[in-house]
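What follows are several structures.
The two complexes that follow have chain A in common; it is paired with chain B in the first and with chain C in the second.
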Partner chain A sequence: MVDSYRPKDLKDALSIRAEYNPQPLAGGTDLMVRYQSWSGTLPLFTKSVMFVGHLKEMKYIKKEAKDKTVTLVIGGTATLTDVANNPDTPEVLKKAVLSIAAPALRNNATLTGNICNASPAGDSICALYALDAVIVIEKNGGSREVPIMEFITGPGRTVLGSDELVTAIKIPLKASSVNDFTKVGTRRANALSKLSFTGVADYKNGRIDSIALTFGAVGPTVVRSVELEKKLIGLSGSELKARIPKVIDDYSTVIVPIDDQRSTAVYRKKVALNLLEKYLKELSSHE
Partner chain B sequence: MGAKISIPVRRIDAKEKAGGWTKYIGDYQFKNLQHGRFLRSERARAKIIEIKKPDFPEGYYYIDASDIPSSGKNNIQMIKDDWRVFAVSDVKYIGETIAVILGPDKQKVLDLLNQIEVIYEDLVPAFTFDDALSCKGGAVYGDNNIFSEYLLNVGNVDNAFKDAVKIVEGKYETGFQEHLYMETQGLVGAWEDEKITIYASSQCPFYIRKSVAVTLGVPVGDIRVRQTTTGGAFGGKEHFPDVIATPLAVAVNKVKKPVAMIYDRIEDISFTSKRHPSKITIKTGLDKNNNIIAMDIDTLVNGGAYESSTTIVLQRAILHGIGVYNIPNARIRGRAVATNTFPSDAYRGFGAPQGLFAIEMHMSHVADELGLDSSDFRRKHFIKTNDITITNAKMHDEVKLPEMFAKIDEMSDYSSRVKKYTDDPVKGIGIAFVNHGGGFTGNGEQAIIKGVVKMKRLEGGKAGLYVSVVEMGQGLQTTMRKIAAKELGLDYEDIVYDNPDTDIVPDSGPTCASRSIMVVGFLVQECAKKLKAKWNEGVGVEAEDVYKHPDELIWEQETLQGDAYPSYGWGINVVEVEFDPVTYEVKTTGIWAVWDIGVAIDEIIMQGQSSGGVIQALGYASIEKCELKNGAFMQHTMADYTIPTSLDFPKVETCFIDNPYKYGPSGAKGAGELVFDAAPPAYAEAVQNAIGKRIYDIPVTPEMIMGALK
Partner chain C sequence: MKEIKFILNGKEVSVEADPLKRLLDVLREDEKMTGVKEGCGEGECGACAVLKDGVLVNSCMIPLGAAEGSEIVTPEGIRETDKGKCIIDAFGDAGAVQCGFCTPGMMMATEALLTINNKPNESEIREALSGNLCRCTGYDLIVKGVQIASERGKDLW
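This part shows the complex of A and B:
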């Protein structure tokens, strides 16, 4: 037998979470599917549930400026529709979010939920990895911030403590002139990913100043290699162009997908590298 | 499109369905309703050593084969009766019914089910054609795993091959396809007036009545079946409801309370029949003028663990095996094999789509081998009226394929686009020509069905229509009314046509085989004429009409010789695609369809059939992948078994050519399955033209295209 809790505010939610460690449920679009049972019977939750989707304190999206950096702060209960409709949402994230399911689901699902579900095929996660998103975590009497790459540790696994809640996602709004998010799904809408790719980069004085390349659904977590990206910093467009075959080779060692009911390892790897190549060619022609 | 009856009316069920007021089986209220759930086999092939059960509280039941009355039998009487109501001592496929667990509270039923432990001793299962033919693990059926085998022959194939200057061969494969009707399988069995009444979402109320009566060993009159408004079927509710109705009836017979068996979606995809997978090898011999002089075809379909309707599906596959062509010397060997997969069963097209996919792709490949235009080559071989068919009979239909080609060429600009895309690196266009026999094979309408329809004058200037064919989304409640109203000079809304109840309507046969309009509709038309003649006798006057096979048609069932079908619908599809060389995904940019269905009873309803059939077939050809893993379907959720959305394909541009059939109502022929047949080969040919590599199998996935381009 499991209990359900409906906290009146965030403070209440944190207390309940600390005392009973219930499973937080915001939109329920992943959890209700995961725990579905015979229709007409209760879902098969293995632990108590705390509803958080109604908590108004976390239903916001705002910009914060500190020193010279502007950060987009997405509250813990902002829905995917809220994120897609916000004018400050980075292009790749907006594209990723709009590629998820259908409007009715996006109206209920939260970005936080998508992250905490920690699916390697989570489309928003692929974009958030590339955007250096930071997860804001709170508990009774404390808070911490963890980069998304450290937050997610494996399929369905995160560093979130049983007394903690994700209350916001911070995205530094950086200059980025060449952006791509591509989802290869099982069909054109309302589809799960076979794989996804995000590329964001910017030039300064004709040289690559920042770059992030991420791949979804091709490993146990979204794949991003900061090490390989570093090798591209400082290159001019034409230098990058000459380097593309080498970059593809490098990435072919870090992209190690599997076969499953949606696609094959061979296809995932080949198409991930094709998308990378297409992006790098586009990037190299910009400088 | 000239006939007056074709002018569209508002569908009789449009408002109710669009408004959400229609009651489906899950919406019915029953007093003291019990909920049933199946204990199913988790193994593809095993002996049952022991079934460990918890104690059942009062009011909860475990129903199995031992509950079948001694007068009955543990067989489901479909076309064959080999499918068992309950598995006893062994299991033959994953999902096979072992028992029904039922009681008033769903959660308790589920808890009991979860406490049951079945101890199996695994045997070696057979899943593939190769497994079946080599009798892997010992024969699943008989001593050779062959449910049925046929050999069709016209001319002298062996001699003709000796004269061939060129021979082309190809092997073509198609996969499982899930029906994915909007409403899942659902039946409620009730004990009413001291007899069993089955409320069923189904295509064939009389099939259910027969199978339940045989299982319980009672006269058919002791069973009442009431069809409930059916939210899609596509063949999936032709025989399969019998697989639910028979164990359900055994349960109701025991507990004498209403019991519901309504599937959840994942249950429905995992544990219902699919379209038969096929593997077809074709060898063609050509003379020096590039004319086909001989063709040798070997057709295999996978029937799964039980035969059910598989033999008839195989018949359709081979009877459509040489497509719309006049091949002077042709031979088709057809075999239906047994495996330990979920038994395959009816799905829109019933074997014809498999046979037609193979022959159309092969014709395209032969043309390619000869360096000829694929459409020109096929058109040169079109069958004509009075040519000899694969069953050594004359083609009686007036074949309008040349006129239809001219029409689709004008609509789609096919001929010039074929040339334009020859060297295009990403674009391609494909075409396919098909026909589809309407009604039961051969003289089945006479020998097996003998359909009856009844009409009656009612109060208030209305007329009652009593038939056993059902509305399942295809528009029959509207089109049948139009047919009757036309003869009676009434408004179609003045015809009363309720969901069939076997205690009320005569048996006009099942809703399948593209027969409802052509065969039953004709009986309705003739019956309405009779009622009209008696109309002035007053309220309550009745008329009846019984099927009579046209005298000029001959048929020998054992050897499949003669007139294979009373008439054919004919069709051409053109599909245009563009593929993405980065992701290997295919985007369809144009779809055109021209059909000869005799006469459309309602043009908008037929547009719906054309769009729905073509898109369903394009799903089959592209994204509807359904693979087995150790005998279980891997894609068993709606997230993984994907069917097309409105964003996946553009509008289907449709045109109908009138070609009235003398034994069809207002000249109408079968149409519901024809519209499925042409799109898969047209799509596959478009993709092969876009990527520059031959396609032999469907679904044509991006993964397959990547492999082909390696």
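This part shows the complex of A and C:
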């Protein structure tokens, strides 16, 4: 049996986290399965637990405008349903979130929990990498902001300190005219990804002005190559079209999946590259 | 052990238990709400579905401490209401119940759906029931049951 804490507000939560380093529990949809025991018995948590899902100060989604950029700020206890229902949620994130499990789970599970769980198959993570999301982290007497690509360091691993909590996720809202999130699973509901793909891009004056391409469940973390994306900036649609075989070749060196119980490496790579090709074709026809 | 209060089917209850005890076990064992079923115990089947502060959740995933102060509604809480009776009759007439194990969870999912959308189309119904597994009916009869409930209950929701 382990201790559990129910802080009365965020300040209280940060103090408890600093003093006892308990594991935060938001929706519990990852943790209650991980520590599940026999029916009718207590879950087998290995360290103390702090409930955070009820903290109202973090249950919000709002837009913030600063200089010329508008940022969507998703509070640390906003649920997947809250994110899916918000009219300002970028299309790829909305699709990614709606691909997770089923309504009852999404009503309870948080976006923060999906990120902190840091699964290579975490569906929101694939979209959030493409959207340049930034994770807001707080501790007693301090806060910091870390881009999601640096926040997640490996399967199940993040840079979060044992005295810190994630209190928000920031997403810069950028123009993006060609968007795709595709998840490949065994069935529609309740299936973890065999792989997932996100593409977002925009043209300015007929040339690609911004592009992000990410792949989930094909490596220890979501795969995104900013270097390869840079090579596509400035291309016109027809130039991109001519380059597609070369781009696929380039990506075949960065996508190196593994075999596991959900799928095989060969299948994952093939389908990931097919999804990329389909997206690039679509993109090249837009300009 | 801690004393934890929440609202169960409209009445405040107080339970003396470990805050990490699953809400599912608290409901079935401490509160004798056996309409809440345990199927998978890991969030996949929806047999343990209840309403928490008005939204559908799986009670096997929720530790009691996370439900402190919440309003919980179990199948027992809707069974005797006009809406509950409407769903039960519709399921009966549609032949949506065979062994009946999934039925309480299906009813809760139906109540949650009709509350936010009282005229769902077939794909909205299937989406709303997508977290509830049924080993017997093949789902079509349950979808039919929800359709009947939505038609008959248009003045209820």
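FYI, the second predicted complex is superposed on the first by the 286 of 287 C-alpha atoms of A that agree within 3 Å, B and C clash if a C-alpha of one lies under 4 Å from a C-alpha of the other, contacts with A are read in each partner's own complex, and residues count from 1 in each chain.
The criterion applied here is as follows: a contact is a pair of C-beta atoms (placed from the backbone, for glycine too) under 8 Å apart; a residue touches a chain by one contact, two chains touch by 3 or more.
Treat the numbers as computed from the prediction; the structure is a model and nothing was measured.
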Touching A:244, do we find chain B (first), chain C (second), both, or neither?
neither
Just chain B (first), just chain C (second), both, or neither: which does A:104 touch?
second
Mind working out whether A:190 is in touch with chain B, chain C, both or neither, as first, second, both or neither?
both
So, does A:39 touch the first partner chain B, the second partner chain C, both, or neither?
both
Touching A:70, do we find chain B (first), chain C (second), both, or neither?
neither
Under the stated touch criterion, which partner chain does A:1 make contact with: chain B (first), chain C (second), both, or neither?
second
When the two structures are overlaid on chain A, which partner does A:262 contact: first (chain B), second (chain C), both, or neither?
first
Once the shared chain is lined up, is A:173 touching chain B (first), chain C (second), both, or neither of them?
neither
Which chain A residues are contacted by chain C in one complex and by chain B in the other?
39-40, 42, 188-190
Contacting residues of chain B [partner chain A, same complex]:
35, 37, 106-107, 110, 264, 582-585, 623, 627, 634-635, 639-640, 642, 644-648, 702-703, 706
So, in the complex, the side of chain A touching chain B is made of residues 37-42, 182, 184, 186-192, 194, 261-264, 266-267, 270-271, 274-275, 278
Flag every residue of chain A that touches chain C in the complex, lowest number first.
1-2, 4, 6, 25, 27-29, 32-33, 36, 39-40, 42-43, 45, 49, 51, 53-54, 81, 101-105, 107-108, 188-190
In their shared complex, at which residues does chain C touch chain A?
18-22, 25, 29, 38, 41-44, 46, 49, 52, 55-58, 60-63, 65-66, 68-69, 109, 112, 127-128, 130-132
